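Shared between the two complexes below is subunit A, which pairs with subunit B and subunit C, respectively.
Right, the complex of A and B next:
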């Protein structure tokens, strides 16, 4: 046997439980990979029969990292089914909550989940504080915390932390691995910014707290938003609350433009080889997001909807999530089963019936020829697709969106890379930062649009005319989407007599982390690992780089909602 | 890299803070705010100071079962202490899949080494619950079931913290019909003290408050009969709700975004679970005190209470709560209040003032009864 098998489990610095098994060829490159979600929570049967107006709260608990995102998709799905148009202010507030989440989530991902794949904390110990300050001032001339004194304190902090012998979250990592290429000064700067970003992230979410009462898991309602606006009340959204939001929007823009984006460019500059590794499947899907008008007006989305196949940017394919011919989920390599003769189901009629036939724990290896994941295999018109920030930029680029083309072009010029570099591990990580730049601009746009409505005397935040289920059609179905930080998220709901009959979500990490399809086609994670060089199989840093570039969220991926009230069958443990 | 055991030769929290450039003044300010969060009298600040000056960092192994990671996210939002201080200066977060740099074998090695080399010294903090059905296949880590990992790790823990409603009482996975057989951790761990910190998620400063209490006083906070720290779960939201006066006055929100909603009236009739929910939302509030669910116009969904997912629907009232001092139900009072509102602002205000005056007396009695045994959490 020529292949060596590398197992990474747990994959850390992600949400949830993910396992990667990769086969290494004699050329020390990966020639096969398995992506396995190792948790399942079974929310489908839990939601069945419940009040559709409660669904957002259950759905929101699919994920506490991209909190609010599932709630937004859920209320949109129910409103679509019932025929509710929410007030313009509610649309603006949901956009503000959404964009805040994207910014916070992406910054956390870059500094706290992904950076340690590129930044060697131990190397930072030997940095010269003065040289670090010079570097920082070059990288981001307007960021104030860039003095020799600041970095001297930071270096001392780090040194004493390491000397304490209690390394905590930094213990036992791949420090000193030759794939780390940053000079000590860049490492020290990045460690300092890791801590600055950690301090900041708790503040930006106050925007959620103003409108939704808390974070994580702010509150929503079907028909609009629960927060009222009354500029003359001390108990509603008034100028003080709006000022708090505005302050955080301004601060977020600073963090994105003066910290995150410059750091991304600086670090990426040391890793040009990663612009040729990790491309993965060549197909990209986005439902689109951030409506300027109503969510029903797809043409008003700031992030366009569509699909791009084979990286052909000259053609954008129309996406209709309700079309049964487009999206289908398979389970032939997952621990679920479909009725005999069924290989693929549209989410609106999907089935989630667990049937574990993997190895009995404790186990060392999964069966690469059998089923190996709690994640299903979704396909769009038979194609494995990548979703997420890169997919959104690719679709936007293909759609000719000027704003998207501008930020992409600017970054490629700064890094002196061709457009093809986007289709890589580095490109995926860069796309996240570029999207965050757009999100921070749009956040202020949406806030301004909210203020414009208020100036015109429109303060409505909720439409309660169809609040009572007795006013709904006896049988109705709806779709709600949200471009989660990690990619295209869709919720499909079927309501009968005011209760949930079916509920299904196909989430971003289901697309990206899916096991193989019926036809043997790999999912995005698996495909992206092929050809990746691994210097030391005992320290598979390279695998983490590419998998982290997708920002895995396994709680989402393996909580897929099923429908139709089938009782869970007996599970066979082999 | 190897870690060394926590011994007395190691730097104390204060020494580390000093080395991190924290001034004595800032340190004392921190101690004062920590004491305030823990419900201590100002005179006890000195004890906080002394504790943090003399103790090394406690190792914490943070395990993740079936969950959504909202507890970790909440923890990171803490305002006092901030997460950075906690992680770098006060505890040693040696295992936490969400944040730790190590992965795979190297991550699991840390956990195994801790169990082998430091039994009885480390704290196990658990986020999520345990799927027990079908041999535990619904959550595995490194090829092991989560149940096995939890049992193995908790066996030698100093004590265990149940973060959030998943670990405390099952939360959403355990809602009917609980397809994975998910159980809270006290069904698995029988021989260790468990501090339960419910909420979906718990409030950040409550989470960090529980940890710093232990660091400061070298013992667990005073717990109520079901294992929750009295300092944070001794009161119903309703007892300290800033909208309580509207409840007492019979002024209720009747529809989203109605006049009552704009004026911040009571959300009881919109399904608010404040009267039956024990938590600190109405006092500590969320995200540095910016707001809380009721403060932003949505009723409490009771996320720190057992079975709250099955006590729905959320927008229906499930209990008739008598209004203090008034022999009537909120439903009837609401109608009276609506009539009063229609009659004009003056009458309206009068009703409010009278009811508030009556209600506050009754509320005092009500509050002390509901929180019997609450001595601020400290003996």
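Right, the complex of A and C next:
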């Protein structure tokens, strides 16, 4: 029996809104949850009839953060459809752009968004700079900025911000909430590292600028990468520019190993109870990523493809995104219509026809027995799946990947937690950091592989033999994926007579934030909130912790309602 | 980073969402007749990722869609938008633009002068292209942005060669 209700609503139909409604039981724990959102579902209408070679430039605009991720999925889909194998250098460069994006995104997610769910900025004001320096030196012995003077300056800067009322960037939290457990010194250290991470991310995007030309919207091309490389030329990407890339890769590794990972371990150590909260659906899906060879050679992926069901790490299930029996999208709980008699469609033949039958906005709460979301319900072989860093690590672990097992084992040992702790809010947050460690190693590997290839005299970056649509089959279909920082992203394209006949993208947040299925099964966000204790419905910090642990690609406005539908609070979740 | 143009004109918005893309349409018009010392950048819907592009600038002009509730096509010019009440922007990247400015402030990278030129939207839905009232407002908005640009004293720019230009079709 629900005692209080916590709600989330698409304020407008534009991209960027997520609504969570959570019902609180008498025991102050969530006993039911609904996830609703607006998702980018208009791509197909924009792309239909266009030249498939231009699709990436539109796809790149779908998401404000994942520009190159969508572009990569798009060019891969078109290349798959028309049968283009891209040169080895192009594969390496795409991997470099991809991994750079993952590292930047994960670090920023942790410090800028998620850390504030665990770190109390106001408490940092009462920290002792000397004790903070000692703590920082213990947490990360090789990080140079750990003197009492540094932390004293940091505290002064922070104080100035708080007193001037310009908390701004830090304004969006519940300072003083009893669920914050870090001592003031750990809070000050984390705030200082937040600023260091913010400074660092200004430079790391230079890697994208070198290979993709303009940032923030790098150039891509069907058939490879649109950049010329000549180690000795002034008019191409030369050794000088590549050295700049190497510098940034080394710097990124330093940030990950000496700042992000130690901070993750230090903060996680104060919140062991969150290793038992927020697990959610027990099924994990990854398309896999970072091919050592070609994207066609799935066995060469550094991050394996596959599915794990019921948290059974002894068995990995084969995933084929093109198999119509595997992935299907339902709309029974969404504001869309399928032709009569159809309950589920594979994305390659997906239909997006809106049919809004919800209440007129602004409304108090969703109809939990009817349709309640602009997000469809994707399922893999009838199962609700979680996608993202945790899913990727779980699949890699089940696949027996030695490197993945090593970083997972090391972190669990450091935190003195069993493997089952992975299936939680804390596990999800830790998985992101572990994946970032792997990504920074792989980034250097990929860079070295590119350089070795160039030194062997192979400078090809694109293959234009199948550039002209006249060289393509008259009717062809393709799939392209990219493991976005938030999870598995798939693009399906159908090309007829050189033009796009149908285009569907299933983005990671569609998997994680999906409403219930035809069979009543909850989506990953919904399931993960069950059993979560909420200390104060006015300040549902606990909900933010779990929802943020998924790194939603939607901004989220959450409203907390009392049992009579009376609004208790409105919470802006970034 | 000292070789950046002293003025950055930053277009923001999503060109797939009708009037949300007005900042990018404005950017295109302004960049068609570029001024010395000014860099023109399509920021899309990025937020923090644009932080690095603000470093070393003396002035920043933001071009954006801005929903203050006035008639569609109304042009707003806000000097120092961070000091105003937070703009109640109806655009999809509202949080991002604000976050960008606040992060720059925190890092000491906020240019001395920040001006926002915004246009009231009529439609925000999935389609490429502007609505009629917003399209008609472009010359007014462009003139407003040019007046702001001309009021700034700028030094000569240094342009970098770009080895990764688009392939020719």
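We take it that the second predicted complex is superposed on the first by the 537 of 574 C-alpha atoms of A that agree within 3 Å, B and C clash if a C-alpha of one lies under 4 Å from a C-alpha of the other, contacts with A are read in each partner's own complex, and residues count from 1 in each chain.
Going forward, a residue touches a chain if its C-beta (ideal position, glycine included) is under 8 Å from a C-beta of that chain, and two chains touch if they have at least 3 such contacts.
From a predicted model like this one, the values you see are computed outputs, not experimental measurements.
Superposition note: with subunit A as the common reference, subunit B and subunit C are in steric clash.
One of subunit B and subunit C touches more residues of subunit A, and that partner is B. Judged by the touch definition given at the top, the superposed model places A:175 against subunit B, while subunit C stays out of reach. Applying the stated contact rule after C-alpha superposition, one finds that A:153 touches subunit B and leaves subunit C untouched. When both complexes are overlaid on chain A, the residue A:498 reaches neither subunit B nor subunit C. Using the contact criterion defined above for the overlaid structures, shared-chain residue A:461 touches subunit B, although it does not reach subunit C. Contacts of A:269 after superposition on the shared chain: neither subunit B nor subunit C is touched.
In the overlay built on the shared chain, the residue A:364 is in contact with subunit B alone; subunit C does not reach it. Residue contacts after overlaying the shared chain place A:116 against subunit B, while subunit C stays out of touching range. Shared contact residues on subunit A (touching subunit B in one structure, subunit C in the other): 12-16, 40-43, 45-46, 58, 61-65, 67, 112, 161, 166, 168-169, 195, 198-199, 201-203, 205-206, 210-217, 219, 221, 226-228, 235-236, 462, 555.
Residues 7-17, 38-46, 50-51, 53-54, 57-58, 61-65, 67, 112, 116, 121, 153, 156-157, 160-161, 164-175, 195, 198-199, 201-203, 205-206, 208-219, 221, 223-230, 233-236, 244, 335, 354, 356, 358-364, 374, 460-462, 464, 467, 538-540, 544, 555, 568, 571, 573 of subunit A are the ones touching subunit B in the complex. Those residues of subunit B that touch subunit A in the shared complex are 1, 3-4, 6, 10-11, 16, 19-21, 56-57, 59, 64, 66-74, 76-79, 82-84, 87-88, 91-94, 96-110, 133-145, 148, 171-173, 175-180, 182, 200-201, 204, 243, 255-257, 261-264, 281, 286-288, 290-298, 301, 303, 309, 312-315.
Residue ranges on subunit C touching subunit A, taken from their complex, read 14-17, 20, 42-52, 55, 90-93, 95-96, 99, 102-103, 105-107, 109, 124-128, 161-167. Interface residues of subunit A, counted against subunit C in their complex, comprise 12-16, 40-43, 45-46, 58, 61-65, 67, 104, 108, 112, 161, 166, 168-169, 195, 198-199, 201-203, 205-206, 210-217, 219, 221, 226-228, 235-237, 241, 462, 555, 574.
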